[in-house]
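You will see chain A twice below: alongside chain B first, and alongside chain C after that.
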Partner chain A sequence: MKKKGLIYLFIALAVILLLGVPAHRMSREHVNYITAVEDHPLNCFSCHLYIQKDNFLAKLVNTTYLSPFNLAVSPDGGKLYIVAQEGDVLVVIDSQSDQVLDKIPVGKHPHSVVLNHAGNTAFVSNQWEDNIYEIDLNSLNVIDTLKTGSGPAGMVLSKDEKFLYVVNSFGNEVSVIELDSKTEKKRLVAGNNPTGLAISHSGDLIYVSSRRVLPRPARAPVKTEMTVIDATKQRVKERKMFKHAYMMENVEFASTGDLAVATLIRLKNLVPSIQVEQGWMMTHGFGIIETGEDGRIIQLLTDEPNSYYSDPFDVVITPDGEKAFISSSGIDVINVIDLNKVRKLIAESTPEELKTYSNHLGISSRYVLKRIPTGANPKGLVLSPDGKYLYVAERLEDRIAVINTKTLETEKHIDLDGPSRITMARKGRRLFNNSGRTFQNQYGCYTCHPDAAEDGVAYNMAGVGMGRNVTNTQTLRDVGDIPPFKWNGHNQSVYKQDGMRFSTYLTRTEPYNYDELDALVSYIVTGIINPPNLAYNPTGELTEAQKRGEKVFFRTHTNCGKDIKPKDRCYVCHPPPDFTNKNFENVGSLSESDDSIPFDTPQLNNLSSSSPFLHDGRAKTLEEIWTTYDPGDRHGITSDMTKDDLNDLVKFLRSIRDARYYTKYYSEEYEELLKEYYSNNEYRNLK
Partner chain B sequence: MNNKKSIILTFFFIAVIIIGISLVSCTNQSSKGMIIVARVPVDNFSFNEENICHNFPGACLMAINLAESAGSEINLTPDFYSACFPQISYDAKHLLFTGQKSKNDPWQVWEMDLKKKKSRKVTDFEESCCTPDYLPGERLVFSREMPDTGTGPSRALFTMNLDGSNLQQITFHPHINYVQTILRDGRILMLSKQIFPKKGEIKSLAIRPNGTKAEIFYKGIKGSIAGVRVRETGKGLIYFTEQDTGKLKKRDIVSIHQNRPLHTKVNYTKDIAGSFYSVLPASSKELLVSFCPSGDQTIGLYTFNIDDKSVKESLPGGSKYHFIDPVLVEPYERPRNLPIMELNLSYPTGLIMCQDINLTALTGNNGESIPKATKIEVLGMNKSLGIVPVEEDGSFFLKVIADLPFRIRTLDENNKVIVSSSDWIWIRPFERRGCVGCHEDHELAPENIVPLAVNGWPVLIPVDTINSLEKRKTFELGDMH
Partner chain C sequence: MFRPNRNLPKAIKVLFISILVISISGFSPNNQNTKIIPGERHDNQTTDGENSRVIGSGNNIADIKKEAGEMPVYGNWKTFTKKDGLPANKAYCVRIDGDRVLVGTSGGLGVYENGEWRTYTVEDGIAHNGILAIDVSELTGDVWLGTLGGLTRWSAGRFDTFTQLNSGLANNVIYSVICDGKHVWSATGGGAGDYNTYTDEWEIYMERNAPMHEPWTYGVCAGDDKIWIAAWGGGVIEFNTKTKKFRDYIDPDSQMELDVFPDDGVVHDITTGVSYDEGILWVATYFGVNRYDGAHWNTYFDHDSGLLSNFNNFCRAVGPVIYFCTDLGLSTFNGNTWVSYQRNESNASGKVMITNGPKLTDDIKIREFPVPTSICHNFTIGVDVQDDEIWVATSYGVSRGERLKK
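On to the complex of A and B.
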């Protein structure tokens, strides 16, 4: 018996060895390919557990956090109302006892909350539902739903509380909602991707801050709009331009009435990206808008020569107008600004000096009083009514920091009762939103990929030489299934995209270690989804024009009846569900300053919100892709189209939603066309 | 019986484990709290104004436990003629230092295993090497004397793997360079003094470990001499000693902040009589310093309190020796390991661009602005490497031979000098470097515009003496770097 046991043991060992050695080699090769390094631990979980999206394993591994984003405080200071962006709830906190009193379910991806002066009503904007919930704060129930434009974000009440002004961040408008009738009375055009707004203390002016730059010719200097609304006439009074700046997430008026402060980033996309030192890629700060007649715009930095305070998000000003608090969400810091020193600096400086100061990394020493460390990703700020406390939404901690505005020290944290365990994807999200892994903290992933999308700007990435190969930022939403990555398709996985070359040419500091890379990949692949395309395709039912456009997209013959070669048909390079064939194509879009390479076909999901277009961002609109930049029918056959055909095609392209809506089959009518071109294997791979 | 055996065995194993733990604990306790300091014979200690760094013949490295009474010192280098400049590894298990086995040996870099107390030679050159420091990734950086090529004695920085392989020179200008420290952000901070064409002021430059992106980090007032060794705390304060320009040549403790080093200098000891020679942060409030209260005393180790400015004696020098350069035998946070892949040593050139040569922090006589320049001249060690017209916006774009030191001065259309030469610059193979202006404010970020010069091809340096735009266009077509 003993001998038999030994024999069995020997056989088992031999089998393990025979299978194990080649299996190990295969695993090693597989992991080396995916990660593009040769020493990543052979850990199956990194790829095969933490990047599961929506199956049983994903549910096991992941969890839903609250992610507090913006907040408001009751007029008596006794309660805090916190928008939980991921949790889709409004959290009500007793600010004295720190107790969570309630979590009121609200709509999808809520953005902001405002209270009326009496403190008995709250309005919550649901950015992914295109509406606002009106909540009775006595019963803590939703009592009404107000329709808005696309992507409602920041809100303010008029001084008499008769109107609610809501920024529609996807629609580039401000809705004016009459609260008596609960109807939208007006819609005002405002900037590009506006998110913040503030009303002056007199109530006659509203400033609306935009995040994205205005459309402009390729390689032209950028500018971003601050829309000024005359609140009495409810009309746009002025469009102030911030040159060389963008990502103005929020704005606030000083009670003194002399100025408003907006957060902003001064980007350097036109400068060859050859170094990080000396503020070469991004600088961060705030804009001062003088409210008087002929009021100037002055931009100043919060950065220092060897330390940057990235992604400024929110700004609040003390009731006496003397101090401003800015949440630098990329580096977990609140910058405390002495506004009197800013006023003095502005008063004593010539216009030339002020222009220099907008790029001066040492100037912040004149007005930054202190930098208060916070938890991960500080976003929305609110001051207590007496100005004694600053409440900070620490988004990736699921808690609120309470800072004493006199001592400028953190007194306590209020836990919002979110999940206690930190998932791999959450760790990855923290890394994504933190610039600590870039040289001198100058920028993080979020800086160029706000909300994990793209910032609408093309960069001189200086891949070869200095003036060549300008590239348009690409979205990171739902990219897990569409390798390869980068416009030139050089990176076969997200691992490689964020690995050694990323640290050499972008972050210019020590690369992520493998644990961090696993976490970052987990977040990028599983944690970033497209918002619903409510503006153009809310239900999946296409309009007549979109249906006509769909026909154009799937056409196989020109208007004259001539056969269109498969390689020139839209659907061949851009098949659903991701509307990319994940192959390299040359569509004649190279410019003189591009190296002669084909590009990895980009996906078209949620295209409507991602201008400009083409690899270098030279097409300001979808139409321009063909009307201006494709005279030779190299990017599909469009020269025979009428203007209506092109309009319809564009309408269809705008209607394309997230890939998950196209996974089963696209439509019977066009399924055959897809199967005709792609072999069974290829077609299965597309899905 | 079997039960009895099991019990005995169990107790035996437990005893072994307990003894093992206590042995390990003893070993750890014996190195905690130790400092290592260079003990220098009084007769061999001199600071010459020309020499900004000194190796001290006859010095040795002593391990001292300041908490214990006198007599606890251990000579770590009894078999060396001289040993100084100690630097602890991140895990506190090894020590780099500069040493001579015998009197006439060139100074070389050595590494000691602190547990075994055994040293091995790391560098073995004919020229002297000193001021070593650890770099992440099992490497080190050190200063090495360079052959005199007619510019006078100079010293360059080199990096190398700790096993002696992969030796790389990383500085190429005619300077005397010494390693001061490795900053937390991963850059090397070096003390640097120009020696050619004329002697310059002493400055601290920050440079990446692959020799790229050298930039000014700190400079004191004219005539001051910063100490070689600096120490950065976890909060970004950088402490060092600095000799002032007065008659007494007093040396004080100063600090700068890493975030804004050019403008955050604090002098802690200007009102304290005596001179300080080295500084080591011991806690948030206290520094361990080498201090000499008066000219007729030796340098001992003292504790300096930052708040009340008090100086308390810890280890007097005695009549025969000075104690300088203390290091604490404790693990510390490793600096960032900056990527080296940006370099490609097989490329013979690098690129440099400037946004606007007329953007300058300089002013003319009587504060008036400088006249507009329209050209630059690139100056080599002994000759002009070319005159290049700049673009309308003042920008230029050059492709320079890698590792070749050069300076740039600006000219008007008549080739008259507008702004004299910059500091020496070198570009590493495949490096791309950018400047905002010429002698610009070092705290100025670039304006967000496309420099006109980068729309075309770079100008190769060296070029012929006069370079026309037409000639430039025909340069380098097909050579896309």
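On to the complex of A and C.
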């Protein structure tokens, strides 16, 4: 019996060794390949559990947070109204008892809330629904829906409350809505990706701040627009240009009427990113806009020589016009700015000195009174009507910080009653939005990937070869299923993309530890979805022009009847659902400063919102990809197309939505073509 | 020899002999040279022996206004050329925008405001210095410039350009542009285009998808949920913005050189301009002009009406009055009365010619009034009117006129 037992034990051990050793080796190789390191712990859960997207496991592991974004306070200061961007609700809080009174369901991905003067009506912009909800604050019910343009974000009421001005962040315009008739009267063209707006205390001017730079020639200095609307005439009066700056998320007027303050980032993308100190990739601060005749724009920094205060988001000014609070959402800090000292600095400085100060890291010590730490990712700010308290939306904490504006201390936090557990993806999102892992906290992932998309700017990342391989920022939305990564496709996984290479070339600090990397990957792979394409394809039913364009996309013959080789057909390199074959292609777009490599084929989902195009952003519009930058028909055969063929193709491309809409079904007309494609390995390995 | 019958009464004999004597003497009321009285009407009086329709007349403002009736009459012309600050002497188009005037020239955009000219060119961001068309959006105040190199939107100091390479614009050569609510329509050398400013999308119409013979379009106008396109060789194309349907109006007799039947439709398929106001569509061609009220066509030529010339470059309707830019001056008409303006060849003065009826007849003639000032050149290409002010773009400068008051 003993012998038999030993034999069984021996057999068991042998089986374990025979299976376990190769299994272990395979696992080790697999993990090494995915993570691009050799010592990542072998823990299946750290990847396979936390990168599930839609199935039962994903529902088990993940949860939906509230993610407070912007907020408003009632005229008597008694209630707070908080837009919960992920939770799709408007949270109502009693500011005295800190009690959550209600969570009013609103539309998808709400952005901002504004109250009327009486405090009995609120308007909430639903950025992913292209509408505004009007809410009766007595009954706490939605009483009306107002149609807007694409991506409604910030709002203001006119002084007489007859009009609501709404920024359409995806449509680059401002809707003017007449509240009596609840109809949109007109749209005024604004800057690129505008999000914030503010009305002067006199009510005659509205400033609209934009996030992205205006279209310009490749490698030209950037400028971003602050649009000035004459609220009396309801026309654009002026477009103020902020040179070398972008990401102006919000703006606010001082009650003194002499100036307005906008948050901004100063960009340094024209030089290779090697000068790590003294400014490096970008610096952060605010812009002062003098409101008088011939008013100037002065840009100043909140950064210090060894410490940056990244991703300034919101700004509020005390009723006496003396202090401004700016939320630095990338480093979890509220900067307190003494505006009187800023006024003094401006008054006493020559124009040349002011120009120098806009890049001077030491100047902030003259006007930054204090930096108040907050919870994760502070976003929207609002002051109590008496100015005594500052309320801060701590987005990735699901709570509101309450700061005493006199002592400049945090008095309490108001919990919004969100989920208590912190998921892996949530941890990853916190890392994504925090610049703490970058040299001197200069920038985080969000800085170049606002809203996890792209900033529309091309950079010269310091790699091998100074000044070579300028590349356009790519979106991170829904990228989990489309390796490899980076324009040259060198990174086979997100782990590698954000691992050692990331810290070597980008953050210049210690890399993420494995737990942090797992969390970051979990967020990137599962937590970033595309907004709906309401502007061009709200329901999936294509228009006639889009259908014609789809035909062009799937064509196999030219207009003259000549066969188009598979490698030159659009759908072969860009097949649904992600509209990428995840392969390398050379479409003839290499410039003199590029290494001779093919590029990883990018996805085309939600293409309409990701200009400029091509690897270095040289094509400002989709049309230019073929009219200007495809002289030899190397990026598909287009030279036989008529103008309306190309127009239809562009309309189809703009209609492409998130990959999840294309996973199970495509147009019957083209299913056969796609079946042939998927079954033919040759197609998928074409060079 | 004729001898009176001896049996006739004596009175009759005297009358008969008198008539005979008068006839022999050559006296006839019709042959009498009547003096031309300024301001009065004299049938069959001519100042030009070759053109029996043109009648000499007085030059008093009151007379002019009286003769013109309800029609506005302009005078006190002031001319601007390059030496006054206009970007170039060849002016293609003009648009009055509140307190300022926008002039498209071959050398850029001229803006006249507070008595001074400013120039904007490609250096400022305009697509091309040759600006053929201008319109201003009533909704937003944005200025749209149709140029030889694309379409430019000028909005509060920012220029954004749309070309056939960077957008869905049909063709870079833009002859006409009109703002219709959120839509901007352009007539180009490669078709007509509709740009939706809300969706940033283009629809283009050419011979493949619209009843055009070829894609060259010269003019576009809008009104009452319709768009009309003046298509070279295609007559007038009408687009219903509600039903999205097209129809065309072409010369029914298809005769290039003749108008076989009067008032049967568009006078010619080579149309150069369209304009619509108060329910009337006006059409300008190189071979005459038309008025269309939705049911009836009227054709007007230079030989049968007060139209100065059949060669028309442009037209603009302002209320009930149409302004035709011809190669021989400016003709204006309200359906009843013509008032035309022509500069003298040798000096800066000119003449105002008034025809008190839609067509010339035995009773309706052209009355000509010499005036001390006139438009700067008779080859007129563009016009705009606002309140009591008129601006005319010509091949040598622009002229500003004032409405003459009684």
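Definition applied: the second predicted complex is superposed on the first by the 667 of 687 C-alpha atoms of A that agree within 3 Å, B and C clash if a C-alpha of one lies under 4 Å from a C-alpha of the other, contacts with A are read in each partner's own complex, and residues count from 1 in each chain.
In this section, contacts are C-beta pairs under 8 Å (C-beta built on N, C-alpha and C of every residue); 3 or more make two chains touch, one makes a residue touch a chain.
Because the structure is a prediction, the values reported are computed rather than measured.
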Which superposed partner A:Val650 touches (first chain B, second chain C, both, neither): second
Touched partner set for A:Thr621, first chain B, second chain C, both or neither: second
First (chain B), second (chain C), both or neither touched by A:Leu188: second
Which of chain B and chain C A:Asn513 touches, first, second, both or neither: neither
In the superposition, chain B vs chain C on chain A residues touched: B
First (chain B), second (chain C), both or neither touched by A:Phe439: first
Chain B versus chain C as contact partner of A:Glu225, first or second or both or neither: second
On chain A, the residue positions that both chain B and chain C contact, one per complex: none
Interface residues, chain A side, partner chain B - complex: 219, 221-222, 244, 266-272, 274-275, 277-280, 283, 301, 304-307, 356, 359-362, 365, 439-440, 460, 462, 464-467, 500-501, 503-505, 508-511, 593, 595
Touching residues on chain B, where the partner in the complex is chain A: 136, 185-186, 213, 215, 236, 258-263, 336-339, 341-342, 351, 353, 355, 397, 432-434, 436, 441-451, 454-458, 480-481
Residues of chain A defined as touching chain C within the complex: 149, 171, 173, 185-189, 225, 227-228, 233, 235-239, 535-536, 545, 620-621, 623-624, 627-628, 642-644, 647, 650-651, 654
List of chain C residues in touch with chain A within their complex: 139-142, 153, 155-158, 160, 164-168, 170-171, 182, 190-191, 197-204, 206, 208-209
